[in-house]
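Structures incoming, each one as structure tokens.
Note that subunit A is present in both complexes that follow, paired respectively with subunit B and with subunit C.
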Partner chain A sequence: METDKRSIEREALAKLVSQWLSQGKRVLAPKHSGDKVDFAWVTTLDEVSFGHVQTVQSPKAALFPRVDELFSFRSADGRVEISERDLGALPETVVFGLRPCDAAAFAVLKAIFNWDSPDSLFSARMARTTLVSVACSRDDEYCFCTSMGGGPGAVTGSDILLTDMGQGSFLAEIVSAKGREAAMAAGPLFGPATSAEKESRLARVDAVFAPDAVTAPMARLFDDTAFWEEQSRRCLGCGACAYVCPTCACFDIQDEGGVSGKRLRCWDSCGFGLFTLHTSGHNPRPLQSQRWRQRLMHKFAYMPERQGVLGCVGCGRCSRACPVDMNILEHLRAVAEARP
Partner chain B sequence: MSPADIFKPWLMKIEQVTEEAPDVKTLRLVFADERQGSEFAFRTGQFGEYSVFGEGECTFCIASPPTRAGYIECTFRKAGRVTTALAGLEPGETIGFRGPYGNVFPIQDWENKNLLFVAGGIALPPMRSVIWNVLDLRDHYKDVTIVYGARTVADLVYKRELAEWAGRSDVKLITTVDPGGETPDWQGEVGFVPAVLDRIAPASRDTVAVVCGPPVMIKFTFPVLARLGFAPENIFTTLENRMKCGVGKCGRCNVGKHFVCKDGPVFTLAQLRNMPQEY
Partner chain C sequence: MKALQEKARELLAAKTVQVVIGYGRGSGGTARAVFIREAAQAGLLVFDGSCLQNLAVYLMKPEVRKLGKAALVARPATLRTILQLAAENQITENSLLALVPSGEEIVLLATFAAIEAHVAAQDNDLSAAEKEELQKFAAMGLEERRQFWQEQFSRCLKCYACRAACPLCYCTRCTVECNQPQWIPVPAHDLGNLEWNVMRAMHLAGRCVNCGDCSRACPVGIPLYLLNQKLISDVFTNFNSRSGIFAKSDNALSTFKPNDSEDFIR
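Now for the complex of A and B:
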């Protein structure tokens, strides 16, 4: 993709963060928390972590909060009044320092929420969110973005992509209309690009397979019960993988607060047995092996066919978070090598 | 037609509450806003999300036919948090409704054919909508046969309507209860639905079968229909997977790549044979 290339110095970047805050925008960025790095609301660039490989959680909560109010209601004397969310009052948000894989994941969320009847709350947040990513200079054994069509310096999905060129200078690639608007608003904080190439600054993540190598056999593996039992043997059904995943968007709807309360949308996971349990006690997916199959099939077979996107960006978070060390890359490799 | 926000329900006034069987009730609902009510349209087979504010939402088919305008009905068994709350409501109270969602029974394609309806227990409600729909357009269809069974006589729902159908010369109704579920004055059949169906052996020629019931009833009914000569594309059912959103996003009703809420709930046996067993 052709991008408009500029440069920005670290001091200017710090000013840019202050500028966003003074314009009333919220800034979500990676921040050290104990020995981990995770997304948090920041007020200065100094709080932002740059050197980490990946945050524990994804930034999806910026658009799809863990618990989100759909509307509130008041009941009295058999009458009910519904108060809709004021979408115009949703805050402008900059997600800063997300990785290219996370930026790509927002397009996946968009496909899930808007593939059929558009989700107005998600869309309103999306319209008010600017993604300023930072390319990866480091990777670890769990990263596999290049096997999912992305890359440590991929621009797709970002509004602006920054690459640390050393000595406090960043290459800024202006990718989208929203990015151009943000750069315009920043005025002289962005300078002309230097001739330096970003490639040498990027982590090297070798592709293990092409996405097709996984998606093609996946659809044929559904009935291979022994394969899924073997693959899921260790799975605890804890749902951690879904919670940290940047593209997992399955949700529950619950009321809270009694007769004058709120209807909430909450994160959920296909790894939980209750997820599909019927009132009668019947469960279409009673076994953990069937739930693990659902997780993989949904991302690598159903979504490509129904929403036209792959449900994974290769960020590796599920593998890092798994308490029993199930590495999704190994499971996908098993799919690619399976001969159903 | 539907509100801009896909999760915002319409407010519905409960007009009538009917006790159908132990813990089973039917609510007749009218739109609190008459204009919304006059614009509302659905087709038989579709479902909705019904909510008690403060308790949550649950999914039921629309149990009334689209030919009876001005209201919708739902029939449910008191089982969990929301249905327990629904069961405690009185006429005049307000609940929420989102819908209509999902696909429909293709009743136009069934014109000039015989219709066989096979239902078990609390699965008569989705079929009640389509039964009344075709009975309200009676000239368009040939023989109408209804086979309905429940665990006990008390568990049969829509007893007044069963009596009405039994009294019609243009409807053949066979009711049955499971062995041991009969009362001393029970006039109907005794036996499980698939066995009764096998015994009465309705002709399959020019006939469409619609089957709704608990998974075990469905499982044993399909082979009987196959023996009677029904082609898989002439056997319809409606799936009841757990749902939250009803609009293809929440991620739990899928059967393989198919969303029950979008591609269903109505499927033919021919379609089900190409789908994984996840229902």
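Now for the complex of A and C:
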């Protein structure tokens, strides 16, 4: 992709963050918290972590919060009044310091939320969100973006991609109109790019397989009960993988209140037994092995088929967060290597 | 490690057990649960300081139960879990053996009585460091403590990893999943998170064996162990009772005694 290449110094970047804040934008960025790094609302560049490999959670909460009010209701005199959210009042947001894999993940969320009928709340948030990513100079054994079609310096999905060129200088690749707008506001803060050679600054993440190697055997593996039982035996059925995942978008609807209240959208996970439990008591997925199969099938078979996108960007968060070390890369390798 | 692998091989070859639930190498220098069903695979077993998970959690998982009789590689808290599960009528004596690595040796515990004797000889109290940390919290003012937990719970995602990792959170239908009536709000907002976390800790009061897996499982690092340890300490002080010591025992907070010293309960 052809991008507009500039450079920006760290001090100018700090000014840029202040400018966004003074324009009324919220800035979500990776921040140290105890021994972890996670996304938080920040007010200065100094709060932002740069040296980490990956945050615990993805930045999806900026567009898909773990609890989101869809509308409020009031019932009086036998009538129910619905008050819609004022979408125009949603705040402008800059997600800063996300990784290229995270930026790619927003395209996946967009595909899910606009699959059959467009989700107005999600789309309104997306329209007000600018993604300023920072390329990866480090990786770890859980990273596999290059096996999912991405890369540590990939620009796809970002509005601006920054690459740390050393000595407090960043290469800024301005990718989209939104990125241009966010940068333009800063005007003189950006200079001409001194060097666009960023490859040497990037982590080297070797591709383990091509996406097709995983998606192709999926349909055939569906009925292989022994395979899924073997693969999922230590899985405990929590929602940690889904909740830290940048592309998992399943939700549960809850009404709170009595005659007046709110309808809320809450994160949900196919790992839970309750996820598919019917009112009758029947559960089409009573076993964890079936739920684990669903997790992989959804990402690597159903989404490519329905939305034309892979449901995974290879960020490795699920593997890092899993209490029992369900390492998704290993499981995908097992899928790719499964013999009929 | 050799002795453990040898013992596993022997038990599987003799068909004394159908599966050895132990630790194998995991990602990033960690250990992970492995389910060894063939004597030839016993070489995958490891045991060292990275082996932290309480493997008794798998005794309650249907897919693991159906494998048959299990030999479980057990740490001190795992043994307490076995006894607590027995006391709560969740496992039977002939469904498992415990393999306890002890130096270079492996101690095989085949009965609940043998496990009780082994547990009686180990230190089951909170450690000095754990007690000290509790003291620090006790010294805090109510408001300071409230703020601390409010900040901690505000990060809770309600992924329920703490619940899934806990071998004593075995209910097939948890209170949070009951909606007629709805006891605990489902959303991961402040009230929902406070009620969930308090309920989780209270349901384990007098039952928790202090394995620490809830805290280790939490992706956002909430120190849940503090709540559990506080309750362990309170239950011991008030009822002179410790969980996971006997295969037959009554839980302090769910047992009615006609001669209870409190008036309100009679």
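Methods note: the second predicted complex is superposed on the first by the 339 of 340 C-alpha atoms of A that agree within 3 Å, B and C clash if a C-alpha of one lies under 4 Å from a C-alpha of the other, contacts with A are read in each partner's own complex, and residues count from 1 in each chain.
As a working rule, a residue touches a chain if its C-beta (ideal position, glycine included) is under 8 Å from a C-beta of that chain, and two chains touch if they have at least 3 such contacts.
Please read all numbers here as calculations on a predicted model, not as lab measurements.
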Contacts of A:106 with subunit B and subunit C, given as first, second, both or neither: neither
Partner chain(s) touched by A:319 [first = subunit B, second = subunit C, both, neither]: second
Touched partner set for A:170, first subunit B, second subunit C, both or neither: neither
Which of subunit B and subunit C A:117 touches, first, second, both or neither: first
Touched partner set for A:39, first subunit B, second subunit C, both or neither: neither
Touched partner set for A:301, first subunit B, second subunit C, both or neither: first
Which of subunit B and subunit C A:141 touches, first, second, both or neither: second
Which superposed partner A:252 touches (first subunit B, second subunit C, both, neither): both
Subunit B/subunit C common contact set on subunit A: 252, 254
Contact set on subunit A toward subunit C in their complex: 33-36, 38, 56-57, 66-67, 140-142, 229, 232-234, 236-240, 242-244, 252, 254, 256, 264, 266-267, 269, 272-274, 287-289, 319, 321, 323-325, 327, 330
Residues of subunit B touching subunit A in the complex: 4-9, 11, 51, 53-57, 77, 79-80, 83, 92-94, 96, 214-215, 240-242, 244-245, 247-252, 254-257, 259, 262, 276, 278-279
Subunit C - residues contacting subunit A, complex: 26-28, 30, 32-35, 53, 57-58, 61-64, 157-161, 163-165, 172, 177, 185-189, 192, 213, 216-217, 219-221
Interfacial residue positions of subunit A with respect to subunit B in the complex: 70-71, 73, 75, 78-80, 82, 84-85, 112-113, 115-121, 222-223, 249-255, 257-261, 263, 265, 268, 270, 275-280, 282, 284-285, 290, 294, 297-298, 301-302, 305-306
